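Order as written gives the chain letters A, B, C, D, E and F; numbering starts at 1 within each chain.
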């Protein structure tokens, strides 16, 4: 098995940047405040996990070039709505979606569509989460 | 409570068209063959369900104007990958995504991203489903 | 494919009634106050979704003649208990079950049975939801 | 805490019968062949588990008097359809439902209703499972 | 089928003890206070369910000799984290894990590992549950 | 926020080794053949995903020192059994568990225990997966 991988790293447009640095940058672009909140919440219980969260989801995945951030956030809002068991993260990503250019209407349409795939309860609970996020002063 | 709803029907750009007719049209635009297959499979066990499936998901939801089909199919591929228990439908929608202009690369990126939200098994099984769909002659 | 569907509409015992009107009537029969609450909660974020919720679940599905309301509510209480991620809707349907003639004992038996299919946590959390509903003054 | 429990055992209408014997009897009443199949399948890997399966679900839960078998099987078919990840057991219970007096129409109505609570994929896959069970010679 | 099962009962090292008595003993060894809390919470709604919970999980399963309690609690913490819809029970078992000798570090490692199998949201929510449990005075 | 993270990297006992190399080594220690199979299966559809799978789960998580491999594999077998929608990965990890010193009996006990937390169907399907793995010639 080939052990030399750095040449296939699609997320690494700046080889002098570490995965952590690239992840921090991407997280700030998408939803900086939420990222800092999670790191703070994990500081005393699992600081390594905050590091993994910045490195893998943001440093590796979100930094990849071939799917735009708007589509990525629509995908996550849809998935977390369908899963129905991660309301805190769904709220973070509804906020992130607005931040990268998804309109409120598009967020609501995405969540409503999940009634078809995961049922009306999942969609209803997703809409209530969106209602909470839209009501926050910073999102007025 | 207001009982006159037709004026708020965002999916109804052609009022002389029934929900079923509108749904059939939208289903053919997105993935006609799969739609006919499902209707046929349901014919002897639950024909009414085939009708609901065409009327509500396609006649009501997919016909709504404020979220494009490309985004809608990215959302469904993400959700069904994350749910991990609806492989036949995931394959139908991977095919539908290609049909409405989502590239293979974008389908693969969407599924890979689900490793963050639903775990590596969900993403792996989604990638194997995509592999099957891509291998079908009609999709070569 | 046949485009003329109205003759197979099993829920339409009164053809002059719209799906919305039929749905409203059925919702009031099952649990009117909860229905009004949901419509109100959705008014500013997704009014169309309130309409779909009345038209499809209640106008189409619950209006169908071949399964009685008591069995339908037992089925929903069982499913939402097993799913474990829709507690608000589970409480609504525990209340609806009582409303259509399912006894408290039968509600509790249904939820307990879910320990076999979805585990003790799902059943325990369902019993705690039932406990909340039973304690409400209107249900004394 | 009170350690004397036998006086509150609602399932024990025949105190000289063990939970296992009561469970075997109930299992045969509901779906005997399936029960024997499961016991045989577990014989070389986990025989104790076959015993628990007969004792707890059937000896304890299904033997309880206050919810009829028809309602219990409707509840299970609904729950397993909604969960979407237990197709072998769903087929066993569709067969058991027919066995205790639930009609094919009622089985199909129960599964269709799950489109509202768990989405169209779950309901579709449940209908395909029912189609398989209905096609078996013993169920013609 | 053999109806004489007591000879294969691996959990019964003391035949004069009922399953309930054995279960109570095991529950106290693992997490007595939580057990009493659950019994009390169920007293007025489903006392039989409290009995089943003591008899089957603790009297039958946890009393079995071939897997140590430390491994059993690691298994449960992992499973409930991955399921993501049973936070009250996850907290009970994080506490129970500490009680039977799993260190805080090992609890955190188990939960973090679930990011691979069920996604980062499941792991994050599990870590927040652990944070709550660790902060309780009795666990300082 | 601190951008210098390498000093807190608990998995990096050999700083000259890349995450990929460390991951490959750990994967071979746990279940080499399965790892090569997954990389091969992904080669034409998503080779980057094979790299992430080796780097994050194995290079980062499984290489961490404070939870032994035997406990880690018990945790995964439990979680995948409870989730019920990742049978291919469950089989891989049952095999991996045997490989790192978990006995067949311990694997079976872990899966049986999941009947309490995720229901009898999940446990039954897990036992059938174990039965398949145990029957493979390499595991005789």
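One rule holds for everything that comes next: a contact is a pair of C-beta atoms (placed from the backbone, for glycine too) under 8 Å apart; a residue touches a chain by one contact, two chains touch by 3 or more.
This is a predicted model, so every value here is computed, not measured.
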| item | value |
| --- | --- |
| Chain labels contacting chain A and also chain C | B, D, E, F |
| Which of A-B and B-D has more C-beta pairs touching across its chains | A-B |
| Interface numbering overlap (same over half, different under half) for chain C and chain F | same |
| Centre distance in Å when chain D and chain E are each reduced to the mean of their C-alpha atoms | 25 |
| Chain B and chain E, separation of their C-alpha mean positions in angstrom | 41 |
| Whole-Å gap between the CA centroids of chain B and chain F | 33 |
| Touching two or more other chains - residue numbers and ranges from chain B | 48, 52, 56-57, 61, 64, 80, 82-86, 89, 112, 114-122 |
| Pairwise touch network: line, ring, star, complete, or other | complete |
| Chain E residues within the chain B interface of the complex | 82, 114-122 |
| Chain A partner contacts - residues on chain B that touch it in the complex | 56-57, 61-62, 64, 66-67, 71-72, 74-83, 86, 89, 105-106, 109-110, 112-118 |
| Contacting residues of chain F [partner chain B, same complex] | 38, 41-42, 44-46, 48-49, 52-53, 57, 80, 83-86, 88-89 |
| Residues of chain F defined as touching chain A within the complex | 1, 3, 5, 8-10, 18, 20-21, 24, 36, 39, 47-48, 51-52, 56, 60-61, 64 |
| Chain D-touching residues of chain F, taken from the complex the two chains share | 83-85, 108, 111-112, 115, 119-125, 127-128, 130-131, 134 |
